[in-house]
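The following pair of complexes shares a single chain, subunit A, combined with subunit B in the former and subunit C in the latter.
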Partner chain A sequence: MIYADNAATTKIDQEVLDSMLNYLKGDYGNSSSPHLFGRKAKEALLKARETIAKIINCAPNEIFFTSGGSESITQAILSAASWGENHNKKHIISSSIEHPAVLNTLLSLEENGFKIDLVKPNNRGIVDYKKIESLINNDTALVSIMYANNEIGTIQPIQEIGCICRKKGVLFHSDCVQAISHLDIDVNRDNLDMISFSAHKFHGPKGIGILYCKKTFALTPLIYGGAQERGKRGGTENIASIVAMAKALEIQSNNLIENELKIKRIRDFLENKLLTIEDSHINGDRQSRLSSIINIRFDKVEAETLLLLLDKKNIYVSTGSACSSGSIEPSHVLMNLDLSKEEANCSIRISLSKYNSDEEVATIFSEIKEIVNYIRSFN
Partner chain B sequence: MIYADNAATTKIDQEVLDSMLNYLKGDYGNSSSPHLFGRKAKEALLKARETIAKIINCAPNEIFFTSGGSESITQAILSAASWGENHNKKHIISSSIEHPAVLNTLLSLEENGFKIDLVKPNNRGIVDYKKIESLINNDTALVSIMYANNEIGTIQPIQEIGCICRKKGVLFHSDCVQAISHLDIDVNRDNLDMISFSAHKFHGPKGIGILYCKKTFALTPLIYGGAQERGKRGGTENIASIVAMAKALEIQSNNLIENELKIKRIRDFLENKLLTIEDSHINGDRQSRLSSIINIRFDKVEAETLLLLLDKKNIYVSTGSACSSGSIEPSHVLMNLDLSKEEANCSIRISLSKYNSDEEVATIFSEIKEIVNYIRSFN
Partner chain C sequence: MSRMMIAMSGGVDSSVAALLMSEKGYQCSGATMKLYEDESSSCSINTKSCCALSDIEDARSVCATLGIDYHVFNFKDKFQEQVIERFVDSYENGLTPNPCIDCNRYLKFEHLYKKARILGFDKVVTGHYAIIEEIDGIFYLKKGIDPTKDQSYFLYDLNQEQLAHISFPLGSLNKSEVREIAEKHNFINAKKNDSQDICFVSNKKYSQFIEEYRNKMYPKGNFVDMDGNILGQHKGIINYTIGQRRGLGVSYSEPLYVHKVDAKKNEIVLCKKSELIKKEFDVKNVTYTYLETPPSEMKITVKTRYRQVEQNATLFSTSKDTVHIVLEEGQDAIAPGQAAVFYDGDIVVGGGQII
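After this line comes the complex of A and B, so read on.
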């Protein structure tokens, strides 16, 4: 099989799995237990926290372990909203191409009297930071903008937005779920107050994530429980997955440049080849973009059919739209690029990782070309 | 080492770990992806849901996967509160010996104008269902009572409380985190509307849990995201841990009677031996109690010291109090049994599992006896 759906989830690194197994099989203690077995778990927890803090350049006690990106995002936004409510600031700015975790959390706040402004990006999927600046007012509690988009890979002007938010005294959260796998994120350099990400996008396990929150802002608990995570996130710590996440991020960070060069090289090769197919178009900006993603449409070739036929050849890619709901609605991201419904429904997302090879992308190209020609022969 | 802190967390069964590894290493697809690799994950998800539903006697679509007991408990209680708010019912009844996940969620509701009644149990740690009945009024939205207590193991009159709640049209949630490991729970027989539990208490992995919710009641999402879990719980499904949890529950259920007889036998042996030590007393009811737990106090023997010395002998047990916070406050559970602060601080919890042997409990006894005598020699 050829797996090219790495924006959905990734394969666990062997070294990551090994680190996880130490705590699944061996040192399975509860880190809140007072005995040696518990203290071993607690030490592992502290070490993982330090490793991650160092990589994103924050203090260890600014790292909160969660069950994944969606939980982190929900807690970040609701915490800012809770603060806003207490300070009579019930306005939040975000973008119209955010992940459903952001959009649905904002929707729930809108139902509770918050005013939500969703900035539309340009037709290449880049949000204009000046638009955000112009929307900030005295009621604004939070700006939440994703670092990189999950469907088209476009990277947003995070440092500029961070600067503006800092200047205006507004909280800034960024959904870094996609970005963390391919970019060097520095919360200090980027002026980020809160960021969210999950391990399974960078060759770690599913069900574990991070919420970074600067120490001058107090999170509101989303999940109540004991004193875990300084009282901000209840529940027995998932040590094995936390250790695995730290290991995965360490590997990702240590090999970032090398891996990114490789992924970009094979991505560009594949993209240029695919663009030789007649009536093919890249969706989204090609410059400010993750190295891993190709979002491409082939006129008159329905993505669902293309995917089905690729699937039969054991090539796994995705549609541009979020198919998770079994929805036939076109992708909200693509519709925000001013594509027609038909254009959106003719778009696929190929997302690569360090595990993809030159041979694999050559095969992806030749199979797509054959299938596109085949489908078009019926038109 | 001798691990006798199974109420804190348990060792993963080898078979459970194997089932988990299939999805960590091999079929790591995202269950929302449309291709075969995603569909394999989705099938595993459906199968796990069916397995668990069958064991607790509900429909598969009444099972919601969460990151653990604390998340399930928080969502259950806040969902009931949200419903209550919409129906002008802002009264909740619970007990004073609940887990912090319940108590802290209720505290947050109290701060938001809910009236919370916490029923105090009798001095053996059993809640009187008639007290609950007498507290129910037209404003009552929810009764939340733990199935079995985590410190003293006492089992509450759940069927009776369920009957009362059904009769009075009040929602009934039960924290089953401890009970699920040792009792046959049937949500239908027990008149339970919602229950919460986590896998790591019955030889499954940490970081995964269940919220059962009857289909006639609509949960409020706690974590926003995509369409996962019928829109009630966002986030990429943690397939490996979900499959592992189903396997662990299946093993637990298939071997329940045999394991319970064994655990009870060694527990009773150990307890009777420990009671031969002068001035020793069992905390909590000895009849209506989980097979696995001994909560015992030795007069004039501080639990912290006893634990420390047992720790040096590689015997891992726990204090009665929740030490997670490093707090020196005595256990709220023991204080609710009308013990003095000193008595509470002289109490330890020994919690056994199917993996403990006759030899181990004999060693636990002889070491405790020696240490207790040693400590008392200083008095």
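After this line comes the complex of A and C, so read on.
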């Protein structure tokens, strides 16, 4: 089996799993309990928070544990909206290539009277920060721009946007779900007020994520519950997953450069090979891009068919965005790069991780080449 | 071992088809075509809603029960272009369309069929009540044995190449037996009602669907008699089909029927029942299931709509793909746009579109 869909989710590290199991099997206490068992859990929670805070360069009490990226994003946006409502600022700026977690939350706000501006990126998938600057006005409550795109991997000018937002006194949130696995994110350097990410994209478990929120801004809870997470996110803490997330992020951070060099090397090798196949094109900017992602289209080759034939060879890649039925819809990201529906439907995403090898990418190339030729023979 | 792609709608028939093929030892995969937007579910950003989600969940559940693979294919664009557009266009031109035949022809047995072949499947399997029988290397399409369910009418344009790569496992069963099998296997959809109407119209009048789809209203016009005398006003031609009696709102000494929908003049021609009857008509785009060349003349039975007993007739070829049909006895409401399907006993000879 060759797993090349790491932008969807990743394999959990053994060390991470071990750290997790300890808090499921052994020290399973509730961190709110005053006894020793509870205190052990509380200590683990504290350590995890400190580890993560150090890596993204914030204070531990600026970290809020959530169930994952979508929850963090929703809370970040709704908190900003609720602040905006109280301060008569009902305008939010975002981009048209955000994840549905962002777009659908904004859609719900739009239905409630907010004005939403979605900046369209250029045809390489990069958002122009000057466009954002020109849209900011006295009513603007929030700018939310993803750090890196999940389908084409393009990295957005976050530092510039952060700088503009700070200057204009506008809140800035960034969906860092994809970026956190491959980039060094520093909330101070990047002028970020809020960021969201989840553990399962960097070899941690599913169902756990964080929302970083700067001290000077008060979040609105989505889940009230008890006093956990300083009253901003109720519910008994998922200690095992929190510990595992901290472990995964620590491993990731300690090996970042080494892993990135490797992933980029095999990605570039694979990409160059794939481009030797006739009528193939890379979607999105090739420079300002995560090291792990290839979004490529083969003219006249339906991605749906290509994916299934690769699946039969036990090679797992991705295409478009699956809706709840499991059928593939043309990707809104690719459509925003001015690709036609047909071009979008002929595009696949290959996303690599530290676990992929030179041999694997060589196999991916030869299988894709064969299948593309085979499918084209039916045209 | 042969690989079978089972086209699954989420209904009981195609589910039992999947079961029967699995039990025969074939390597099966289920596939559902996502064809149109369903208002009851929503999922994506750009489209308000998508697909008949509950049907898809039913098909997925049956496949999980059978332990077979399952996929959903997005055919929305093709369905819109080749089925819905044709349907609306027919009404706008005063014809009576049959979207189920178009869906079989273009979606199931063209796009899905092609996809199945590319993906390495040997055959496409559907839950149609019809039989394919091979005799001396020729594939014959025959009526299903359950006279109340026989669906051979909808399949008349299958050719030899297709018939060789299609299987209809339900053709030799009665509907009641199919339900029993589904219940015995505790299929989630065992008690689900049969689909009755045109799937994408869902609980609307056709005219309402067409108006919403085109986002326009159709102008009122005149009801006229066979001599062109004005009898009243109609509500837009898309509200009427040949043979219709109800809802005309014209008072006359005897019941009146729609004789003709004249799209050009925006007129609906009405007639008495006796005047609806025709003995002869022409058919275009004719295809034959097993004959290599069109017969110059042939005794057949013919159906001019789905729910109809076949009528004795003689077929005369007028060109490679047109025929003239002479019925033994007159037949009412022969509607341009509908399919005329030719039978030789239980065997489907071919068919085409009534002009």
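We adopt the following convention: the second predicted complex is superposed on the first by the 371 of 379 C-alpha atoms of A that agree within 3 Å, B and C clash if a C-alpha of one lies under 4 Å from a C-alpha of the other, contacts with A are read in each partner's own complex, and residues count from 1 in each chain.
Basically, a contact is a pair of C-beta atoms (placed from the backbone, for glycine too) under 8 Å apart; a residue touches a chain by one contact, two chains touch by 3 or more.
Quick caveat: nothing in here was measured; it's all calculated off a predicted structure.
A.B. asks: Which partner does A:I375 reach: the first (subunit B), the second (subunit C), both, or neither?
C.D. replies: In the superposition, A:I375 contacts subunit C only.
A.B. asks: Is A:H332 touching anything from subunit B or subunit C once the two structures are fitted on A? First, second, both or neither.
C.D. replies: second
A.B. asks: Given the superposition on chain A, which partner contacts more residues in subunit A: subunit B or subunit C?
C.D. replies: The larger set of subunit A residues in touch belongs to B.
A.B. asks: Now for A:A362: first (subunit B), second (subunit C), both, or neither, which partner does it touch?
C.D. replies: neither
A.B. asks: Quick check for you: in the superposed arrangement, does A:N104 touch first (subunit B), second (subunit C), both or neither?
C.D. replies: both
A.B. asks: Considering only touches as defined above, state whether A:T305 meets subunit B (first), subunit C (second), both or neither.
C.D. replies: A:T305: touches subunit C, not subunit B.
A.B. asks: So, A:G69: does it touch subunit B (first), subunit C (second), both, or neither?
C.D. replies: Touch status of A:G69: first partner only.
A.B. asks: Starting from the residues of subunit A touching subunit B, keep only those that also touch subunit C in the other complex, and list them.
C.D. replies: Residues 100, 104, 304, 323-327, which sit in both footprints.
A.B. asks: Show me the residue ranges of subunit C that touch subunit A in the complex, using the header's touch definition.
C.D. replies: 32, 34, 41, 43-47, 50-51, 53, 56, 60, 71-74, 77, 114-115, 117-120
A.B. asks: Mind listing the subunit A positions that touch subunit C in their complex?
C.D. replies: It is residues 100, 103-104, 107, 304-305, 308-309, 312, 321, 323-329, 332, 335, 341, 374-375, 378 of subunit A that touch subunit C.
A.B. asks: Which bits of subunit B are touching subunit A when the two form their complex?
C.D. replies: Going by the criterion above, the answer is residues 1, 3, 5, 8-12, 17, 20, 24-25, 28-30, 32-38, 66-71, 73-74, 99-101, 104-105, 108, 198, 200, 205-208, 221-228, 234-241, 304, 307, 310-311, 314, 316-319, 322-327.
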